[in-house]
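Below is one structure. I have some questions about it.
Chain nomenclature is as follows: A, B and C, assigned in order of appearance, with residue numbering initiated at 1 for each chain independently.
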Amino acid sequence: MSTILETRGLTRTFGAVVAAKDLNVQIAQGEIVGVIGSNGAGKTTFINMVTGYLPPSSGDILFDGNSVIGRQPRAITRMGMARSFQVAQLFPKLTVMENALVSLVAAEGPRPSFFRPLDTPERRERADAIFAEFGVSRYRDALVSTVPQGARKLVDIAMALVSQPRMLLLDEPTSGVSIEEKFALMDTVMAVVRQHGVTVLFVEHDMEIVARYVTRIMAFYSGEIIADGPPREVLSDARVQELVIGHHLDINALGEAA
Amino acid sequence: MSSFLAILIDGAIYASWLFLVAAGLTIIYGVMRVLNMAHGSFYAIGAYSAASLVGWYFSGEQQGSPYWSYALLVGCALVAGAIVGIAIEQGLLRFLHGRDEILMVIVTYALLLILEDATKLLWGVDPYFAWQPYRLLGQTAVGEGLRFANYDLALIAVSILIGLAAWFALNRTNKGRLLRAVIHDREIAVAMGVNVNAMFAATFAIGAVLGALAGALTAPAISVTPGIGVEVIVLAFAVVVVGGLGSIGGAAAGAVLVGLSRSFAVHVAPEVELFVIYGVMFLVLAIRPQGLFGQTLARRI
Amino acid sequence: MSILKNFSSPTPPALLAAAAVLAAGAWVLPAWLTFLLTLAFAKALVVLGVVIQMRAGLVSFGQALFYCVGGYGAGLGAQYLGLTDAFALLAVGTVAAVAVALVCGFLLTRYREIFYAMLTLALSMILYGVLVKSSALGSTDGFNVAPPSFLGWVPGGVEKKRAIYLLTVLIALGVALAFHRFLESGLGRVTEAVRENEIRVEYLGLSPRWLLFANYVAAAGVSALGGGLTALATGHIDPDMAFWTTSGEFVFIAILGGTGHVVAPFIGAIVFSVIRTFAIQEAPNLWQMTLGIILLALVLFLPKGLWSLVQRRRREIAATSGQPATEASQSPKGISSPISEKGVRA
């Protein structure tokens, strides 16, 4: 399969802190990659660099063979790489429907019309279809600020998918979500993602979740990738268990990668 | 050469005046995150109370030394500023702590409108003069044909003194260190037991006193008329924005930069005087959006 | 229902009807009232510029810049270009304002919140400073603007004021219709999203700066129209048009009316003009205090302005009659004002 995302010697320092150290990553189309690592290991820095929020100190990032260095996040989004956020980034004083309508307009082009209404039956229909996919239809007309955390995370991810990206980066999709809801949320997201054939990279703390959904794990430790491979292999790696997970992990007790 | 000297001294005088006007504004913003439009009213109230009191002092048959008028200037600024400042903070702003910055701009704009007419009700619309303290100090000749009022020169010393006092209070006293803790991180300061409300009240009173003091010290040099507060506030804004909102050192640097630029314009191209002040502000912000001494905070996502 | 909603908004017909009634009023209402309305509508156009920036989350304390450019454009067009036609004079001011906005907007769109407020204020004060010092532009006194002609027709006597009133109603109608569309359009609504969360807008593939820039330029154009109409109606322009307290007045009216609907600034401007007329007659030295107290009361108790009262009433009617929600009472879109509480900042 062809490579969709590649980083070459990607490095980022904050003063004396090295948040990313010579990262060379290749992700093939269709992979579902889990990124693990303790806080400050450089996971979010990695996502922020790849999506153009943070310029790397050195190195290159290729999406589909094209360098994204120096491009604004909006340009990278338009290339087909979307992301979600640790804390859902929505429009809190607009309704869920209005949030979706704005995403749909954005997906149509970089210059929204001065005259054509935002709210058209066609867009509403599409938004409704998306809500149905993500199981958030009942929050349709609620203000985002009144919607529960789990649904907010789903809407956040749904908005990223509206532009029909080929790659999706999820920054801790289950953070802030109750333990009972976590698996339901991931089941929903993964079902949608698979249906659309999107390549996914996601950061996650919960090893059970990682083990269940990914085809590959990259383990970060102080800005470096200390292990990269199939979940079973990485999770049983002695260094990963010591430095990332912090205790011995019985991998047989975890769910298998789907 | 003499014109260069004139530009320099004029600039220094103007800068010291600007610093006096801007100091209170920047302190209040630094601690409370309130960009206080009513600061212009504090200035006007200080000027009016000083002018009326000094006028009364010299109009009567008092036997006291005319030099007591300086004590009157400072005294009435302290009293008027403290009263108005504490009244506004406790009566209104206390209930709005932590609200959106732009909302506070609008609230204090409303206060400015109210105080503008309140001063007219109290003092009428006729001008007040209090020139005696200004004349009393005489003039000094600098070089050929250059004369400066000693009062103006003394203003430079006063504003340096105030600047040093503010710096000392913030950096070398315990209360000042607490205040800096509040500026740095309000939530942590509260968690550590700092009484933020008392801090805010004190800060606002100090800021108001500084504003009133600026007005009181300016009163002898001008005719005190309605509208002086409205004119002064935008100048003070320009100075603190150039220096970096909330920084005392920034206000000083901003005052020097704006003061010298204006003095240069007045001597070389008087028609661009006002233009220069805001032009400098615009130029500084175009290059350094946070101002000379301001700090930017990046948003985490 | 939702299909009908988009194409049968009650606003455009209501605007047309209101404009027709107001136009008929030109022959019925007393002269002082049509003059008051002329100035109120002209102000409302400027305030509309403030309002669309507020909807984008930005408060301009310098909209008087474009009000003044519009006014001086009309005045100078008559003085130096020899133009007499009202439409041409308004066009001069508007084009000039848009040109200024294209330059200033480039810099301003980098700033938010109080910095935006202060920088817009500084820009208008720069213009004020230039006008006060330049004798060619009339210095502090400004200069008079001769009564214009209208596409070749030169009105005389009472016709002059009436013609300008009718022109103002006509332009206000056109602008209101266009901005009603704009506020509901993709661009207008996405700009509101910028107010809510710029990062998300960026990651949806849009440029928040471009959106704010377009919004700023549109605001400049409409405000200049208001300035031009004011110049033609009063027959006079002076630098105070650019003074920051003039901008303060526009912010006041924007908050008074609210940002929820295109007619809100018009309601605000009429109420403002009426209060002012009476306040200045009864107690000229209490006028600003009155404004200040009203502004405080609005900010504390009615942050979404007078329009939110209309909205509340409509919702009540809709609720009691069991009708499905109508356009304005539907979702709370666009009514969140930038001066409403955003919560404690970290």
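What we mean here is this: contacts are C-beta pairs under 8 Å (C-beta built on N, C-alpha and C of every residue); 3 or more make two chains touch, one makes a residue touch a chain.
All values derive from a computational prediction rather than experimental measurement.
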Most centrally placed chain, judged by C-alpha centres: C
Most distant chain from chain A by Cα centroid: B
Inter-centroid spacing, chain B versus chain A (mean Cα positions, whole Å): 51
Inter-chain centre distance, chain A versus chain C - centres from mean C-alpha coordinates, in Å: 43
Centre-of-Cα separation between chain C and chain B, whole angstrom: 33
For chain B, residues contacting two or more additional chains: 301
Residues of chain A touching at least two other chains: 85, 89
Residues of chain C whose C-beta touches two or more other chains: 199
Touching residues on chain A, where the partner in the complex is chain C: 51, 72-75, 77-78, 82-83, 85, 89-95, 97-98, 101-103, 105-107, 110-121, 124, 141, 143, 159-160, 162-163
Parts of chain C lying in touch with chain A, wherever the complex brings them together: 2-3, 5-6, 181-182, 184-190, 192-193, 196-197, 199-207, 210-211, 214, 331-333, 336
Touching residues (chain side chain B, partner chain C) in the complex: 33, 35, 92, 98-103, 105-107, 109-118, 120-121, 125, 187, 230, 234, 237-238, 241, 245, 270-275, 277-279, 281-282, 285-286, 289, 299, 301
Partner chain B, residues of chain C touching it in the complex: 59, 61, 107, 110-111, 113-115, 117-119, 121-123, 125-126, 128-130, 132-134, 199, 244-245, 248, 251, 255, 285-289, 291-293, 295-296, 299, 338-342, 344-346
